[in-house]
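Below you'll find the structure, written out as structure tokens, and then a few comments.
A, B, C and D are the chain letters, set down in written order, and residue numbers restart from 1 in every chain.
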């Protein structure tokens, strides 16, 4: 087997993913709530993941799926959730894609020059906490 | 093959799991409703399970998943459920973790010195009955 | 919901399952190899399960599936395995039943008066060790 | 929600997981073959994961499952594989645990004082390459 083409400039890199996760962890520590943080690349495939000490075990899966969902629909998972409640236009979308679609806050697209190049997913606290960590993480890309 | 490190003092043991299940069964008998009762350890892995005579077959799976969920998020499943209805912050969480997340009453974390060391999951009756049995079961750890 | 008919005399009971597991654990201790032991009833549904300290985590699932397989085909899993290798008449059977069919030693039918009334499944060591524990466990029914 | 008990001294930590992954990547770079590397803790739960640039996408899953398998049976996946071919004592084990059991080289238990405290899983090249990277990764724990 050979290797694929070099990752395009339009995808987040592993080096960037580490900085994104570190920035998220810094915010999580400030909150005092341990988190699971995942980064997927332009193709929606997992690039890096870390679970902080004592972070919820059930959030290992959720953090990764929030990142995937956010890239898969190029939207924050919290925003997707607003359209996916009972009675709304996307209700039932959480049953698609073999259960990979997460519809609550904590998944945020990663952008470069206005283009989505991947996504970060955070899980380990309340929706508000997860979202704050994801936003802090995504900001590392701008620095 | 070798064996793993001795179970840490921070995990519930098999001997304790038996006492936990027995305490739950005593409450179930007082109620007159047969139950399925499962105990998972600190890592969320099944330690012990028993189905009482005539307890529902469909609850074999649910009891185990309630125990797992309760440890995975360090919360009672009934409380998780309160935040997971349509319109709430965790709606859709039941689609995560390949369907292992149960969001109704009957799963209770097991604690030692205020720290979660595993969880018990009960299924076989109404939410109220399951919860009462799970609470009685968890109390065995304090004795 | 109501409860089902009382378990028929033709099914292993929870009380018997406990004795079966205890007998298996005694043999496992004699071997010095911790085991996961599961008992299913006449319907193939899990009745009781216990994981001994330091027993393999991957065997939680296997012990249960060996018990199920043994009742599902009323045969020892080791014997089923002899017919399920590449080139044999049942090759491929391990892919059936959503992966629940185990085709290596450690699952043994439980009999009363020559009739299968359930099964025990053991996993945690070599095939030879698992089989010896399963046989010791099944013998508890005769006592 | 509360937090779980502090990770026991008997489990690999996130800080150690980073060093383990870094050591594996150093070996992968020396080989010129990009890898996916995963570390699971004492409970078999994912702690950290990284995919090197151009590493195979199909190996994201395999690396994680090799790590899980290695902890789940406290054995190197290559050694498990030697007992899991057609005709051997564990043939069919790859169908257990919902497809999480990997039976080819690249998963290595992590030990402290001779006790298993987690595992590392590597996927991205030949069995020989994966194994070499996993061994180099595991050695970081001794340093």
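Everything that follows uses one rule, which is that a residue touches a chain if its C-beta (ideal position, glycine included) is under 8 Å from a C-beta of that chain, and two chains touch if they have at least 3 such contacts.
What you see is a predicted model, and the numbers here were worked out from it, not measured in a lab.
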Distance between chain centroids, defined by C-alpha means - chain A, chain D (Å):
24
What whole-Å value do you get for the distance between chain A and chain C if each is reduced to the mean of its CA atoms?
42
Expressed in whole Å, how far the mean CA point of chain B lies from that of chain D is 29
Tell me, which residues of chain A touch at least two other chains?
56-57
How are the chains arranged in terms of who touches whom: line, ring, star, complete or other?
other
Contacting chain pairs - touch in the sense defined above:
A-B, A-D, B-C, B-D, C-D
So in the complex, which bits of chain B are touching chain C?
1, 3-4, 6-7, 13-14, 17, 34, 43, 45-54, 56-57, 60
Chain B contacts chain D in the complex at 1-6, 8-11, 41-45, 71, 73-75, 79, 109, 112, 114-117
In their shared complex, chain C is touched by residues of chain D numbered 43-44, 68-69, 71-74, 86-87, 89-93, 95-101
Which of the residues in chain A end up touching chain B in this complex?
56-59, 61-62, 65, 81, 84-87, 94-95, 99, 101-105, 126-128
